[in-house]
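Across the two complexes that follow, chain A remains constant while its partner is chain B and subsequently chain C.
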Partner chain A sequence: MQVLNNVKRALLGDVTQEKENPILERRYEEEPYSEPGKTEEFRKKILNASMQNLKSMQSKKNRPKAMAYFDKIVTGSREEEIKKSGKKVLGYFCSFIPEEILYAADVIPIRLCAGSFDTMDVAEGILPRDVCPMVKSSFGFKVLGLPLMELCEIAVVPTSCDAKKKMGYYLADYMPVWMLHLPHKKDSDKSVKLWLEEMYDFKDAVEKFAGKKISKKALEDSTKLLRKRTDAFRRFLELRKAKLIPISEKDFLLVVYVSFFDDAERWTKNVSLLCDEIEKNIERGIGVHSKDTIRLLLTGSATIWPNFKILDIIEKAGMAIAVDQSCVGTWHLYEPVEVEEYSLPGLMQAIAERYLSPSICPCFTVNDDRFDNLTELIKAYEVDGVIYHILRLCQLFDMEAETVKKILEKENIPMLKVVTDYSKEDVGQLSTRIEAFKEMILIREEGEK
Partner chain B sequence: MKLFTLSNTRRAVQIIAFFLLVYTSIFLTTGIDIEGLPFVSVPKDVVRPEWYAPEKGYTEVFDTYLPIKSCRFIADENRAFRACFMHFANESIVWNSPPEEWIPHLLLFLFAALIFARAWCGWICPLGFISESAFWIRKKLGFKERKIPEKIKQYIPAFKYGFLSFVFLLSLLVILPIGLSAFQGEFSIVNCATCPARTIFPLFAGKFSLDFSFSNPVYFLFSIIGIAFLLVFISSFFFSRPWCRICPSGALLSLLNPVSFLRKEKEKEKCTSCGICERICPMDNTTIQEKKGDSINTGNCIRCFRCVEHCPEEDCLKVKFFGKTIYKSKYKEKTESLLDSTKK
Partner chain C sequence: MITAGIDVGSVTTKCVLFDGKKVLGKALTQTKADPNLAAEFVYKKALEENKISKEKISFIVSTGYGRRAIDYGNTSVTEIMANATGAYWVGCPKGEIKTIIDLGGQDSKVIALEKGGHIRNFVMNDKCSAGTGRFLENMANVLGVSLEELGSFSLKSKNPIAINSTCTVFAESEIISLISKRAKKEDIIAGLHISISKKIVHMARELGVREPVFFDGGGSKNIGIKKALENALGVEIYVPENSQFIIALGAAIVAFKLATKQQK
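Entry: the complex of A and B
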């Protein structure tokens, strides 16, 4: 065989195409810097932040009882469980990675986008100060060896925004990183083709990683399982349209956040239970805010557990968020994978398109779908105003704000642009602006009457 | 599993239509006084080749033409309709028959086509149904689906309308005194001689004949085209409705698609560009996903409404009949909520 190959190579050149190694390789490697000594300290800090959030959320009246499950998961019970299961774990960033493929290979997926203020400092030694707080925070988790980042054997990073791209490069010093080539234009056939190819490579890589072939049957099953998850999630969203807001945005985001690392089947079951309870509450006229509370829409950068600063402020100002438009909230699980044909190519095509085409991430050149969706959400959830939340240094969301502002002016919906990060320094100043925003909405409503 | 989905309804309509068109004798016994029915007079003085003449004359039950392939080669004893409309278009020119004989047929066609346009293709046409069934069988057998390559796809509209014009042109040539006397009469058979229905339908009456003649240049040309078209039709097993993309009957109805009374509408703000509609479309329409203008009622759409059925956004796609919404998109698996009763 070897001889034959050699002859072939001599005659035809190197035609045996080796599969590209998906691992990102740096030629300018650096010694990874870590602070294992501080792990315990930070673990406590993060738990504290979570506890603090939970305490304030639990104290709200009429909070659905079914939320208890999500409280339990977020405070750490999942970590032990994953360790015990002995399964392979893969971490990923953003909302472009098909969990269908991972579930099919019996790999546990964890979305790593983090919202912890505490871990940012340590990342600043390695990344510059002036990058997106989410990237710094996530990076910090690795440097400090914190869960759930520590459980992941591999991190998958799509080439979405600039900060994520470069984070992938530096993260490669710490752990194996796969970069997935996310096209910059999503509304083109070429892009879909490229992304589909990328998905096939991803599948191969996952197979190798898991040491297990992904059969058509397994992929079909996982697709159906995650479809159920989307079904339940859509029901949840539908219930949020109620006149009396049935669940706070904090609880909603917590539920979605838990889906980042929870077992999909169990999560689906518990969301269904939560929906049942909410449905009953709506029927009995029970809500978490009073009837005439101002309804807002939150759009823009991710608000990830436990960084609920902006939500805190809005809540304190006595307003409610009826719905959000964000990749860590409404849009993480929103789109279904609709399969035309349960064959391997059919499944792969459906999966690839689901994660690329309807995305509302601002990293795409033309993102008009996001604006369409925004006006739709405003109508469907009958909101009175829009909070446009930008994590400091996210140019993408900042640049899109102008267009959104003009669209909202046409719709006659007031918008407040808030630029902030994870630190608590600007709470006072933000509160004042949000209070003023509330006054403005109230005056407008007076005027309309 | 819901039973009354749009797909199932359409399948049922297709099956019923198939049996009505192909096996009418099972449902309708003879003995109906056909003299009393409209459109039965048979034109006499016809320029047509011998083998093309019908064996029994036009005395079948309904004896008119449908806009789709209600073919005259469906076995005589089974058939309900005289022939397909393309055949009529040919005939009426060729036969030189007086207007009062063909005008009712034409009006009937215009009426039927203007209301439903290519919904005829998606819901009624037996040939389209056979094509779809072949594709379905492939799916069940687990063979891989193939997509028509982009390179070919871009020429399809031109070819489709080109062939339609070619057919009508030849029919006109039959009656124009251009001095091709030797073969001129034969031009009139262009439609049926090239149509795959001629070979396919007899199969369902247990007859197999590959009726291609090469005895003169005109027959030769038609037979070559006919064999090519037959192969296109047979490829239904791998491609979705390949013949329907170039079928002259379909092409004729295509022209009416943008103005018909059964149509689709799209609320573009509700569309998330998810691409499901495009993937699910049996005719590979890409325009349905677009968010501009009235790009969704294009000629290539056979109005099967699968896109509407599978679109996951509520109210995004709608089917309108005379301006009234009769069906709309919705997220199907969504559990019903109690909201509607409590809201407002």
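Entry: the complex of A and C
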């Protein structure tokens, strides 16, 4: 980069001295399409969808009492709390954004990936119909001026999949957007270097945004704080290995979803309390499914609150998800930042490593880590089958399905691929397939006996 | 002991009575708006026509998309399970069935069987109606031909026209424009069959096609589709007698197994 700049400087004079502004902003004079008059109506719709989920989740036997905290946060008070705090708020997408840097600058991070069916429709005025539901749903939040999107003064969008790349471009008509350059060949030295540079640039941008410098001390503290969060989360995941499934996938995903916008320290405390309770339940032989329930692994596209359609169907078919391999579940908080040297460069290095190389997002050209991780999870959580969930038009997960199918055939683990979206119209057909999958697993197990 | 299987499909509802060795009776009706009524109708019809009293039926299993919508039945199984069970029992002259293709009203599916008739894997179409009986029915309407005539029509074709859209809505306008260009009906119909078979072939490829291949469901009565599938897959396909009743039969067999278990 430096060499290139020197060449440019020699050719053009000192014009590149000033760092180019990486923030995308509105391209036109006129206001972009929005529906402020509908904000309240949709706020209610989204709350209703949340309440509906909670009602069914709360009615389940042996649900840990500590879940009450997460129920409260998901339907309530966080918006007001953030407003009152007076802090700067940054919204982001995907699982690549280093929250360590944000906490160090006293900025509140909110992950904006949305699972609301209701908000998709308004996005179609701008985005094409054939875009994945997650991107449309999230974009709709901005068009409708909904929380928590509305609290964010800036959005960070990694260049992960095509839909995200272009969504960032359109989102910039509404709010400043920083497109975080995510390399797509994650194991090459060039990529690692580029990513580290990107992390430094990101830190600069956050400092500018927050109006304060990030000291080594602040970054060390935030890294330690989030390390505690990861530790609590790993304990939670470990407990899910129990023979008697101790928590439903819906509850698990809710806990992770709440981490998207909750205060990290308070979240960690409450996950620890939840783990204490689950630990006791396991000791007492209390679980949320009966002993012989079929254990599944859910992999593929994100199942984001409140879109728990596929989970509903699996639950109704009488099966349980023991573990998921999802960027809104297991993978969002799993990786720890491993610091070798507590200096600013040491911290930055460790942070950069955490968010790139262990990632299992299918946006990477070669993604063997995902496949290795899948077989590890299958063994560790003793699953009987895999549900491969694809959101329609999520090409990357769709294209990796063939590879996963072959790997699972070798492992002799049955897999069911379902392609669906946020709408409810295919529930009947999905139910048939998932019930047939159950029948198939049962017959298999009978045969093995 | 006699058991019954009721297959509540999206277009037709079927009932089969079974005594562990042979089919004692069967009946079929259009499902229309009331699956429960259709189920009751076929069940009574099958009993009456074969002079079997209700009391003799020891177990009923329902299947098909409306399996839960009916008051009848002791339990239900999915049509995938019922299909595998029925097809395996009926068998095929070429030996143990390895692959089942089913073309129903709103579903099409491919099931791979392993030794003993157990389901190894299956693929089913998603919510889109492309590649299903419903698609054909719509196209037959546009062409002014009855569903039953489609097969024989297509055999007359020497130059099938490629229909590019598998979407029911787009295909309809594609066909209308072909009609206005005075394309031959048989060529359009043959093209439609190829288009449907392609969709099924994609599903079959996902599982890997292993012979012998068994073809059932309402669509299997259409010789044009059978031919198109054979061409595309490069294998011979076996269509059993009463191919529309295989799933109901499978449900009756499952019922028989369950009733036997219960007696023990």
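Rule of thumb we're sticking to: the second predicted complex is superposed on the first by the 428 of 449 C-alpha atoms of A that agree within 3 Å, B and C clash if a C-alpha of one lies under 4 Å from a C-alpha of the other, contacts with A are read in each partner's own complex, and residues count from 1 in each chain.
Methods note: contacts are C-beta pairs under 8 Å (C-beta built on N, C-alpha and C of every residue); 3 or more make two chains touch, one makes a residue touch a chain.
Note that the structure is a prediction, hence the values are computed from the model and not measured.
K.L.:
Putting chain B and chain C onto chain A via the overlay, clash or fit?
P.N.:
Pair status: fit.
K.L.:
What is the angle, as a multiple of 10 degrees, that the CA centres of chain B and chain C span when seen from the CA centre of chain A?
P.N.:
An angle of 120 degrees, rounded.
K.L.:
Which partner chains sit in contact with A:Ser85 here, chain B, chain C, both or neither? Use first/second/both/neither.
P.N.:
Neither partner.
K.L.:
Figure out whether A:Val419 sits in contact with chain B (first) or chain C (second), or with both, or with neither.
P.N.:
The answer is second: A:Val419 touches chain C but not chain B.
K.L.:
One more residue to check, A:Thr375. First (chain B), second (chain C), both or neither?
P.N.:
It touches chain B, and chain C stays clear.
K.L.:
Just checking: does A:Thr365 make contact with chain B only, chain C only, both, or neither of them? Give me first, second, both or neither.
P.N.:
neither
K.L.:
Between chain B and chain C, point out the one touching more chain A residues.
P.N.:
Tallying touched residues of chain A, the top partner is B.
K.L.:
Scan A:Gln52 for contacts with chain B and chain C and give back first, second, both or neither.
P.N.:
The answer is neither, since A:Gln52 touches no partner chain.
K.L.:
Looking at the overlay, what does A:Gly447 touch: chain B (first), chain C (second), both, or neither?
P.N.:
second
K.L.:
Once the shared chain is lined up, is A:Ser77 touching chain B (first), chain C (second), both, or neither of them?
P.N.:
In the superposition, A:Ser77 touches no partner, neither chain B nor chain C.
K.L.:
A:Thr432 contacts which: chain B (first), chain C (second), both, neither?
P.N.:
A:Thr432 sits against chain C, while chain B stays out of touch.
K.L.:
With the two complexes overlaid on chain A, what is the closest approach of chain B to chain C, counting only CA atoms, in Å?
P.N.:
Distance of closest C-alpha approach: 26 Å.
K.L.:
Once the two structures are superposed, pull the chain A residues common to the chain B and chain C interfaces.
P.N.:
Common to the two interfaces on chain A: nothing.
K.L.:
Please output the residues of chain A touching chain C within their complex, sorted ascending.
P.N.:
It comes out as residues 405, 414, 417-420, 425-426, 428-429, 432-433, 435-436, 439-440, 443-444, 447.
K.L.:
Which positions of chain A touch chain B when the two form their complex?
P.N.:
Listed in rising order, the residues of chain A that touch chain B are 186-187, 189, 192, 227, 231-232, 234-235, 238-239, 241-243, 272, 275, 279, 282-283, 285, 335-336, 338, 340-341, 343, 345-346, 349-350, 353-354, 357-358, 368-369, 372-373, 375-376.
K.L.:
Which positions of chain C touch chain A when the two form their complex?
P.N.:
That would be residues 65, 77-81, 107, 116, 118-119, 121-127, 206 of chain C.
K.L.:
Which of the residues in chain B end up touching chain A in this complex?
P.N.:
139, 142, 144-145, 150, 268-276, 279-280, 291, 310, 312, 331, 333-335, 337-339, 341-344
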